[in-house]
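Take a look at the structures listed below.
What follows is a pair of complexes built around subunit A, which joins subunit B in one and subunit C in the other.
Showing the complex of A and B:
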């Protein structure tokens, strides 16, 4: 089997964008992680309080898989994709693709990636890795969150690809079948920026975009009444920091990554306004980081009285104000 | 720009973490600079919530911003990797 030993492994901020960048760069298509995120209009906000979640939660990027699909569309990349009903069939297909010498992207449950220490491993059905080959009973894995190429036992990979629950991977595999190296990266940028701005300010859904940030600020005040006890509340408040900083966001809930995209886009398009917008979203990111820090501190110290929660709510509301002005202006750039 | 050798820089970072998180069971000299910061083997006994406090402390102390150019988990891998990042960002100048 060709084990793709020349595949250059690197760490990236986020697993989905990192897997795509790795696949594309190794296929000779030069693109950065922030550029992938920006062209795919990945920046987002959504606040969710439904029975699908045991406690209210929020997201700071578009739904898993959307970055991949938007990027492919914008850059005229033909992705070959597979989902399976049968695990044997899915493992066999993976082996045959590896036999052909392909590097294959896969959706897995992070919990089974045993090359990470046990304390890090939580169930997350939307982790993405690249599979490079197979040696004996082990698959060779390039995981954006791991410092080196890793090895994973075939039984664990099978469990990871067929984990059950919300957003189950169903053995999902993909690889770029056809790339168009002549695509000018600057072409899709105006449209992708407009789309991102529209998602943040114009979608008529009360919990999405800027409306979602305001909803989060308001609803946060109800969290003490929803939590079982102070331990539970502290866990949920500290999770704000985890969702903004610790889930491969590149810091500040993907706002820094988007700022880097705008900076790179500014250079590519020779448009100084984009650089100015980059600096502004970077500063907005700094304030999201302050929210992370504040949430982590009050959660850890169990300092969760009414005043503290109101203070946190106010900080989030101000982010809504800042992002509203920012995205309205960004939309006008093109 | 501050000029500092690697041993002093890594000790300074270890001390910054100890002070930021009010760690009392270990001194800066006892911390292995290569051991992954958030592993069970690390003498500092950190958890993931501590990461944001370390990030903010480093940003304030060295006047830099830790953002998406390099994955935060790579920068925060160990005290040595934080030191390498500060040198790379020209926050300090490493001398022999």
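Showing the complex of A and C:
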């Protein structure tokens, strides 16, 4: 089997953008991770309380898969995609694509990626990796969160691709079939910025965008009543830090990555206003990071009384105010 | 955030973050996780306490091993029901020992796969005393028989 040993593996901040950047760069199409994220209008906010999750949670990026689809549309990339009802068929198809020498993107449940230590692994059906080849019973994996190329047992990969559950991977595979090097990156940028701003300020859903940040600030005050005990509450409050910083966001809930996109876009478009907006979202990101640090500290100290939770809630509300002003102004740039 | 303010030396958990570089450009850096570098001990302690609490509830017949693992692995009931190909109503019955006792072996196997444990781990727990952690480790090895695992106790 062709094991794509020339594929250059690199760490990236986020698995979906990282998988795409890796596939494109290795195919000779040079693009950065922030550019992929920005062009795909990936910046977002949503607050959720559903039975899918054992506790309220929030997201800071668009729906999984949307970055890939938006990017392909914007850059005229033809993606070949596969979903399977039958696991045997899906594993066979993967092997045949690898035999052809292709590197294949795959959606998997992160929980089964046993090259990470157990304490990092949770059930999350929207993890993306590139599969480079197969050696014996192990698949060769390029995972954006892992420092080196990793190996994963075929039974685990099978479980990870057919995990079932919320946003089940259903064996999803993809690879870029046709690239269009003639596309000028500056063309889709204005539209993508407008779309991102619209998603943050105009969607009429009370838990999405800026409204979602305010919802989070309000609902946080109910968390003590939802937790099993003080240690559970501490865990959930400290997870605010994980969701903002460590769960593949590039820091500050993707705000640092979006700042980097606006900076790169400013240079590409020769637009100083975008540079100014880049610096502003970087500062907003710094305030999200303060929230992360604060949440970790009060969680660790079990300093989780009404007053402290209200303080954290106020900090989040202020982020809503800051992002409302920011995205309204960003929408006006184009 | 400036690169120098963001960077943390912590080799165990490294991630890519975006930061402001010395030359005012923005770009990726690889840094240790602030949370892992500073609060991992607290995480271990809470996990240990949760495991003990859930184990006592299983032993007291208050909850089933399904509920134990669902809670320990932070899964939502709707997500677990979907993974187990069960209705929420049917799943909730398995949270109690009476419902758990009625599960078929094939259903137990499905749950074991979801939790990524051998089937026998739904019926027993191996514990290493705190003082022996430095000396011993447990290894659960799968065999060609998917219901049969071998537990190996290794001297470190």
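Of note:
Please note the rule applied: the second predicted complex is superposed on the first by the 334 of 334 C-alpha atoms of A that agree within 3 Å, B and C clash if a C-alpha of one lies under 4 Å from a C-alpha of the other, contacts with A are read in each partner's own complex, and residues count from 1 in each chain.
The rule is short, and it goes like this: a contact is a pair of C-beta atoms (placed from the backbone, for glycine too) under 8 Å apart; a residue touches a chain by one contact, two chains touch by 3 or more.
Computed from a predicted structure; not experimentally measured.
Superposition note: with subunit A as the common reference, subunit B and subunit C are in steric clash. After overlaying the two complexes on the shared chain, residue contacts for A:165 are found with subunit C alone; subunit B is out of touch. Using the contact criterion defined above for the overlaid structures, shared-chain residue A:203 touches neither subunit B nor subunit C, since it reaches no partner.
Looking at the shared chain after the overlay, A:227 reaches neither subunit B nor subunit C.
Once the two complexes are laid over each other on the shared chain, residue contacts for A:183 go to neither subunit B nor subunit C. In the superposed model, A:235 lies in contact with subunit C only, and not with subunit B. Of the two partner chains placed around the shared chain by superposition, neither subunit B nor subunit C is touched by A:31. For subunit A, the partner that touches more of its residues is C, with subunit B and subunit C as the two candidates. By the touch criterion stated above, A:112 is placed in contact with subunit C alone, subunit B being left untouched. Of the two partner chains placed by superposition, subunit B and subunit C are both touched by A:260. Across the superposed pair, subunit B and subunit C both touch subunit A at residues 11-13, 33-34, 119-120, 144-145, 147, 238, 241-242, 245-246, 248, 250-252, 256-257, 259-260, 282, 285-286, 289, 292-293, 296, 299-300.
The part of subunit C that touches subunit A in the complex is made up of residues 1, 6, 13-20, 25-28, 30, 33-36, 38-40, 42-44, 46-47, 49-50, 70-71, 73-80, 82-85, 88, 113-114, 116, 142. By the touch criterion stated above, subunit B contacts subunit A in their complex at residues 38-40, 48-49, 51-53, 55-56, 65-69, 71-74, 77.
Across the complex, subunit C is touched by residues 11-13, 33-34, 50-55, 111-112, 119-120, 122-123, 144-145, 147, 155, 159, 163-166, 168, 231-232, 234-235, 238, 241-242, 245-246, 248, 250-252, 256-257, 259-260, 263, 278, 282, 285-286, 289, 292-293, 296, 299-300 of subunit A. Looking at the complex, you find that subunit A touches subunit B at residues 11-13, 33-34, 117, 119-120, 144-145, 147, 238, 241-242, 245-246, 248, 250-252, 256-257, 259-260, 282, 285-286, 289, 292-293, 296-297, 299-300.
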